[in-house]
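What follows is a structure written as structure tokens; I'll ask about it next.
Residue numbering begins at 1 within each chain, and the chains themselves are lettered A, B and C in the order written.
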Amino acid sequence: MDQILQILSGTAVVFQPLSLLYLSIGFFIGIIFGALPGLTSMLAIVLLLPMTYTMPMTYALIMCMGVYMSGIYSGSITAITINIPGAPSALMTCMEGHPMMKKGLGAKAIGHATIGSAIGGTIGALLLIFISPLAVSLALKIRTPGKFSLILFALIVIVIVEKNRTKAVISMAFGIMLSTIGMDPLKSVSRFTFGNPNLIEGIDLTTLIIGAFAISELFDQSTVNNAEYNKMTNAANSMKFKRSDFFPSFKEMREIGWMTYIKSSSIGYIIGVLPGAGASMAAFVSYVEAKRTSKHPEMFGNGAVDGLVAAETANNAMCGGALVPMLSLGIPGDGTTAIILGVLMVYGVVPGPDLLVKQMHVMAPMYMALLISAAVLMPLSLFLFGPYYLKIVKINRLVLYSSIALIAILGVFAATYSTFQMAVALIIGVVMYFFKKQKYPNVPFILAVILGPLCEQYMRTSLTLSNGNPMVFITNFDSLFFLLLTVAFSILLPRANRRAEALSKCREVK
Amino acid sequence: MNSRNHYLQAKVIIPFFMQIALIIYVVSALQLSSPLVDGMLSESSFPVIIFLVATPAALKLLFDGLKDVKKEIAEGKEVVVKKKSIKPVLTVVIMAVFIALFELLGFSILAPLYIFFFMMVYDDKPQFIVKKIIFALLIAVVVYVMYAIAFDIRFPEIWR
Amino acid sequence: MKGKRVIVLLACVLLASTALFANGAPEVYPSKDIEFIVSSGAGGGTDAISRKISQLAEKELGSAIYFVNKPGADDAVGPNLLMGAKNDGYTIGNLNYGSIINAPFTGLIKGYDLAKVQIFALITQEPDALMVGKNSPYKTFDALIAAAKANPGKIKVADQGIGSRVNLLALKIQDLYGVKFNMISYQGSAPQREAILNGEVDAAITSLGDFAPLLNSGDAIGVIEFSSVRNGGYPTVPTSKELGLDESLLSGSFLTLAAPAGTPADIIEKLVKAFGSAATSKEFADWTKTVGVTPDFKSGAELKAFVDGKISGETKALQALKDAGVL
């Protein structure tokens, strides 16, 4: 009952004009960043992170929710129009959406992608609101040894889901090494500062994130030929559509089948709850499942609307799911929630059952913002901007990237007031640029930066609790559970990956 | 036949430096204390664990890289020197100069110049100079308003 | 070519304007905004008190105060910056327990020297307290000590890391009563709260204010506050003085304000006056109650005695523990 009251008061907060403004701004930023290849919603939140320092927390979180929801959705826009997924999560959308575009059904594809995303996002948010109390009561049962095993689980699963696991381990080790520089979390000693007084304060989270994501991307993008980029995007600008073309009819949706929507949403939500899997995985699993049960699997890869819908529904349903472990346990479900966790940390809010029980008033507006983004803003944006979506890629590239270059580097200064940290961000950017060139994944890096220090603290605290006896991780039921889960995933995930690979190879042959 | 170039490829260099970094990391951790003090974990235990986990990975990548290189040499393949763009280097230089001078010259002088040169590097050839100057000033003003006015963050300025 | 000329022109205009700005010599302090270096991150208790007191002092000073958060290294990074700042009164900062006691003792930062700053006001004190969960069998300090005596190394006490203020307090208790706790380190007070909630530890030491949400909801009970006067926000918690505990157990954090050494005396005087009236105002008193700290304004000789007393007492305790090989 209390829960519902607080959710309602959260709704009231979101419907204040200022909140709605921030939500809309966030949503709009997310659309732009999601749609542009190379820019992701994660980067958008990274850039907003230092700016949120002086903003009331509620607004900052509301804005993040807008960015999060729209950023994942809008990757589909460029995926459909120019066959380049604007965000990695839109990879499967590409396969079905672009063939539709070529058949002249671009508006229909965007319409279905939007409505699918809206339905998925809404169901994900509703599940988040109504199931999270359950998650909380479970979370309260988890003590420090259990938390250690959970983080271990997350770190191991992240490595397993990556294609090149050896490189994932290296990325992760690099992230942990950087994050342990500075003061020891549990003792008054400084580590790895090599006598440099600037390093005693450690490397700030903002420095690491901006260096690894924004700055390295700027080096990468500098080699793109401008004229070619313009030619490519001009193709998208030449097409004309009416507003009504964008909204799919009920009949079409019934043909896709309500079960597809519900099933894809559930898959998305569950994959979101699992730490480290993320939107791409949600879209992929849901797409494969839709293909398995489809009445016309031969259409897949050639403009099958149900494949498109399954992928888009699932990746947005993932949003609600990914927030559950982040808020109740402090384990982010994907890269973007990892950074939202950073936003919470800036405000001194420590995720955990304490947060969801005692500070529901903080979380309620955030939940509602997520729900409104999906249920209201998405269809609304389709109506307002649908025809312009096909032109979004036309923003002058020079203006865009030079603005990002300035905002990113100043973001580090705003967070730390230190030119030393700016220099560190630049160095990390250069290193991560080479890492990326050699296909070292960066998601393990960022999760290691965030989870690594916690992993260390929990391990040490657990062992002082047991007077140094490592059996504490097995005798505690919660810890044992996560350890067993880790083992199960280590066996099952590679098998599932192989099956998925075989499937996609199959399709290529066809 | 210059075999040195073969060994200077990223697939060899990255794991090599990573391994060096790991060794420095673990040595400097062990200088602080032993990983186990009276049967309890200390500030160096976690770094030692990271070292133990990452070292096999780094070595595997290093040996894989070396094996590739040996094969290339045996097959007499020349390292394909791709014509590398100088632009990423220029981008790094612009950023480094900006950071180095930031406290000295401040936002108002540096930001427009930074954006201007950034756009120059990003463009295919130096063109539309006046347009770029206008954009540089505009972007600097917008970013300044966003940070300094909306979020009350004070940047260094030459007159402060 | 044309572009180059424009750049040169632009640079000239900028230089000219900076020269103009620089020439206007300030006559009365303060003639521009004052920078405040906070020794902790945004959103913590130190940050909140610093912002609140400055917000009140701004009115009398007639000049805006803006904040630079410099957390890290036992609250020593911010003060270290303050030590190197210009002593014209336009940079001030806060020093608290860590910056005054721990940082000089551990010598983490080279060149860190309290002689380089001038501490001009004490604003608040925040005594430490011992809390237990609502179902704990140890509802009094004596019961806890008795239990610890009976089961050496079995009673789990949550502190904030080896060498921290609350860790030091627990070590002092151990030493004084000849007991042995199992001390568990947590980073900050939030995980301490969770550990009390899920029953992972038997007791936690930090300030009452840190436990405010749990004390208010009844999930935690304040057993003792290591102070001489009862806390205005939680008057039911007994003090260590009432219970007749040794005076060396009086422990807690505090917040002082400082300017770089050599700041002109008339400027310091102005700052003391402005922050003094802010710290003694009713608005500040009401606000501190909500966060569980005690306003305690001191300046001049009184302040010097307070700081010197803290330094000699606590440093001696730290040295004794170090000699005994505990730290």
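Definition applied: a contact is a pair of C-beta atoms (placed from the backbone, for glycine too) under 8 Å apart; a residue touches a chain by one contact, two chains touch by 3 or more.
All of these numbers come straight from a predicted model, not from anything done at the bench.
Novice: Of all chains present, which has the mean Cα position farthest from that of chain B?
Specialist: Most remote chain from chain B, centroid-wise, comes out as C.
Novice: Once you count every C-beta pair in contact for both, which comes out on top, A-C or A-B?
Specialist: When A-B is set beside A-C, the one with more contacts is A-B.
Novice: Can you identify the chain nearest the overall CA centroid, using each chain's own CA centroid?
Specialist: The most central chain here turns out to be A.
Novice: List the centre-to-centre spacing of chain A and chain C in whole Å, with centres computed as mean CA coordinates.
Specialist: 37
Novice: How many angstrom between the C-alpha centroids of chain B and chain A?
Specialist: Comparing mean C-alpha positions, chain B is 24 Å from chain A.
Novice: At least two partner chains per residue is the criterion; list those residues in chain A.
Specialist: Those would be 53, 184, 186-187, 189, 460, 464, 467.
Novice: Which residues does chain B have that touch at least 2 chains other than itself?
Specialist: In chain B, residues 132, 152 touch at least two other chains, as defined above.
Novice: So in the complex, which bits of chain B are touching chain A?
Specialist: Where chain B meets chain A, its residues are 10-11, 14-15, 18, 21-22, 25, 28-29, 32, 38-41, 43, 45-47, 50, 53-54, 57-58, 60-61, 85, 87-88, 90-92, 95-96, 98-100, 102-103, 107, 111, 114-115, 118-119, 121-124, 132, 135-136, 139-140, 142-143, 146-147, 150-153, 155.
Novice: Taking the complex as given, what residues does chain C use to touch chain A?
Specialist: It is residues 41-44, 68-74, 76-77, 80, 102, 106, 108-111, 153, 156, 161-164, 182-188, 190-191, 193-195, 197-198, 200, 213, 217 of chain C that touch chain A.
Novice: Given the complex with chain B, which residues does chain A contribute to the contact?
Specialist: Listed in rising order, the residues of chain A that touch chain B are 50-51, 53-55, 166-167, 169-170, 172-174, 176-177, 180, 184, 186-187, 189, 191-192, 194, 215, 218-223, 225-227, 397-399, 401-403, 405-407, 409-410, 413-414, 419, 422-423, 426, 429-430, 433-435, 437-438, 440, 455-456, 459-460, 463-464, 467-468.
Novice: Mind pulling up the chain A residues that touch chain C in the complex?
Specialist: Chain A reaches chain C through residues 53, 140-144, 182-190, 195, 197, 200-202, 346-350, 352-354, 358, 417, 457, 460-461, 464-465, 467.
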